[in-house]
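You will see two complexes here that share chain A, one where it goes with chain B and one where it goes with chain C.
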Partner chain A sequence: MLNTATYISASSFLGAALAIGFGAIGAAVGEGYAAGLANQALSFRPEKSGDVLKNMLVGQAIAESAAIFALVVAILLLFSTPQPKTVLIAWAAIGAGLSMGLSAIGSGVGAGLPAGSACVGIVRQPQNANKVLTTMLIGSAVCQTPAIFGMVIAFLLLFLDFSNMPVYPGWAALLGAGLATGLAAGGPGVGNGLTSREAVTGVARNPEAGTETNRVMLIGLSVGQSTAIYGFLISLLLVFTGLEKSTSLSDSFRLLGAGLSSGFGGIGPGVGLGVVAAYACKWVARRPEATGILTRTMLVGMAVTESTSIYALIVALLLVIVF
Partner chain B sequence: MEEISHIPQITLNLLGFNLVFNIETIVMTWIVMGILITFGFLATRKIAFVPNPFQVVGELLVSSFYDLTKDALGEDMVKKYFPLICSLFMFLLLSDWLGIIPMLSEPTKDLNTPLSLGIMGFCIAHYSGIKVKGIKQYVKGYCEPIIFMAPLNLIGELAKVISISFRLFGNIMGGAIIILVVSHLVYSLILPPLLVFFFGLFVGTIQAFVFTMLTLVYISLQVK
Partner chain C sequence: MNIAGPDFIKGLAFLGAGLAMGLGAIGPGVGEGFAAGKACEAIGRKPEEAGLLTRTMLVGQAVSESTGIYSLVVALLLLFVV
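Coming up: the complex of A and B.
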């Protein structure tokens, strides 16, 4: 006999599995990259093993935090016993798992990239290890932002009260909210990683340009997250828009489609924006006197790169609000 | 864990309109403003060659943001925009740090604060763009590279407001939620102070700086 309580506990288990299953992918890849480059660095200068190991572990710890967010969400899904007021809680659990798990992939990979290049950079310029470490810490911490967006949506789905939401098409809104942020966060996570990797390499090569490189890196990273933010916006709209009860399938798929549109639409531009900012950081580190023109070119290039994600955002907004 | 979805608000009915006020955000914003005004008073009260501690911090902030603004906007416009940029950063920094004090919460955790600051930056950037370039050049800027791109350019400009404000909101709100949830899970032992350090101080500082820098960059894209 399947009743609401059974549905909810079954989907909580599914959500927990999705959260930690997807969430474990990215961090592991990123940490492996960091450890691999630490080996490479030590083969150049074995006497610096203490510094490199410390740096590798700090970088890996930050990369791991994406997986730890996923673990927290998975544990909450496993051990919280919500009131079985509405079957929507079951869909919210799956949405929370997808949102957290998928969004942790990109951030995990991304945060590992600067950690790896910092290991090599420290070996190259041991006297400037602190500057390299600072850039790496800022870069990998900002890489976590897409995963944090995924986590916010997961917690909203877990703790909001959905008893006033109609089951149809509410299920599609909650699933779509999870997919929008989860998918859209994948691209910017990786893109941010590429940007901070080049910035760390650049600072290690030319520590005098550290201030300029850090500033361009921060601007590049934050503009690079725009696509994850569009996904986040669509998720918030899907969760908080008042829905009218409708058993028609087209209404459900309208909301699911909005989530998928902004979710998939964010992946490619997210990586592309990261590549733009990566090259800007690389060349600012070599020619800090050209920071002004490089930053402006980067921003103009990013605005054009971003346009495809804005198409996806427009379609998603049309689906949520107009139709 | 009902705190996550709980918003303390009052609704006033004024001339037929329902005005909703978030009490917590208003009180916290006033606390931040009070601290900033006190700081400004202490830093400038007795300006001396051998400065007092407040003057040192004030001079550090002012000189570094003066240089940042000069790099982005050039020598002729720095005097006009630098007070805005510096005070925006100080306000956001204190707002993000306020959450580390027990019983207080970040005003930036409420979407209304970042969104209104983002709209303010948007208006200032576009007003300065029209003033510096003239309305003709300003409108022409939207029709590049071809005129059919105008609607897209317009939406791209509006998307900047969304991304700048949701970035701050999402980060600060995410940090606050994870501190709340983890504290709940481990009964507030050992872990929460570390999380407060990372999310409150570190991420808060970075996000305050990012918001300020992006406002500055958006102004500089308009006026140049």
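Coming up: the complex of A and C.
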């Protein structure tokens, strides 16, 4: 018969593997994209190798941070030895690993996209390098937000005291909390990356429209975060709602279902919102005099795109609160 | 864990509702975003046709929304009827 301490250390090792295994995917893809476009840029103009290399390394460093968050969580899971008060600590460790690992995928890919287009941009228009770098830094940094949500949930799951939470259905709440933020963060990470990529390309083509492009990019990025925020909200509800002890299967599965609903529901709209804002940024940069109508159309389009993630949020809230 | 038949059905219906709505939201989200993005592009090319383009965008998005609504209906059926 296994005791609680054994379950906790085994689950911590599993959680660590999930965190860094999933977490390493995104950053590597994003950095590879940046490096690929840097090479493409250098084939146009090899004499700019110093600027392109510097820009590529800065962009890759930001994309790397998502994987570094995952590494930190994995190391914490490997080396922390919590008091074996309740077997829920084991479930929290798996939830923390899923939350951190899955959320780092989108942010890593996303942060690499503006880095790549910035390399091409500064080769095409070297005199605009500073404006391009500024837009790239803003875009890549905002792409990290979903990974930071995932890290916050992972830290909550690692460091909160669950000794007052009933084991049934608490296990499902903690696993669901990890899945909700982790899955939902994937879409907005990639979506923000698509938006920033087009904004960087636009600023490089037409730096006179830099102010308008940056403004539309920031509106697009912040609305694009919303599905990650829905997942984060459901995770917080699952962690902090007082649960009554119940050994019935339906009470456990409703909490797990809430996490899966808001988690998967955030992926598609997150990417879609990013696509809308990407095209809006592209055309604001080309035609700044149409900024008003483009911003309006972008926001209407985003509101409709958002709707399915709101359905998913409603289903999740029904499962957590009503049933 | 003590599992009875009706409890098992209820539990899997809850899990199914979450999966139906969650997975069902992926496609419409990407598709509607693509439609709206291309509408922004078209308005950038021809701002004077903004009314027509916005109308077409909304009609297209409404159709693309339909599978998301099917998922919502199935999820609500699983929650309240089963």
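Basically, the second predicted complex is superposed on the first by the 322 of 323 C-alpha atoms of A that agree within 3 Å, B and C clash if a C-alpha of one lies under 4 Å from a C-alpha of the other, contacts with A are read in each partner's own complex, and residues count from 1 in each chain.
What we mean here is this: contacts are C-beta pairs under 8 Å (C-beta built on N, C-alpha and C of every residue); 3 or more make two chains touch, one makes a residue touch a chain.
Note that the structure is predicted; figures quoted are calculated from it, not measured.
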Touched partner set for A:L249, first chain B, second chain C, both or neither: second
Touching partner for A:L160 - first (chain B), second (chain C), both, neither: first
Contacts of A:L53 with chain B and chain C, given as first, second, both or neither: neither
Contacts of A:S307 with chain B and chain C, given as first, second, both or neither: both
Partner chain in contact with A:L14 - chain B first, chain C second, else both or neither: neither
Dominant contact partner of chain A by residue count, chain C or chain B: C
First (chain B), second (chain C), both or neither touched by A:L260: second
First (chain B), second (chain C), both or neither touched by A:A28: neither
Chain B versus chain C as contact partner of A:R287, first or second or both or neither: second
Overlap of chain C and chain B interfaces on chain A (superposed complexes): 307
Residues of chain B touching chain A in the complex: 1-2, 4-5, 68, 71-72, 152, 155-156, 159, 162-163, 166-167, 170-171, 173-175, 177-178, 181-182, 185, 198, 202-203, 206, 209-210, 213-214, 217, 220-221, 224
Chain A to chain C touching residues, read off their complex: 168, 183, 187, 191, 227, 247-254, 256-280, 282-284, 286-287, 290, 293-294, 297-298, 300-302, 304-305, 307-309, 311-312, 315-316, 318-319, 323
Contact footprint of chain B on chain A as seen in their complex: 69, 72, 75-76, 137-138, 141-142, 145, 148-149, 151-152, 155-156, 159-161, 215, 218-219, 221-223, 225-226, 229-230, 232-233, 291-292, 295-296, 299, 303, 306-307, 310, 313-314
Touching residues on chain C, where the partner in the complex is chain A: 1-4, 7-8, 10-19, 21-41, 43-45, 47, 50, 53-54, 57-58, 61-62, 65, 68-69, 71-72, 75-76, 79
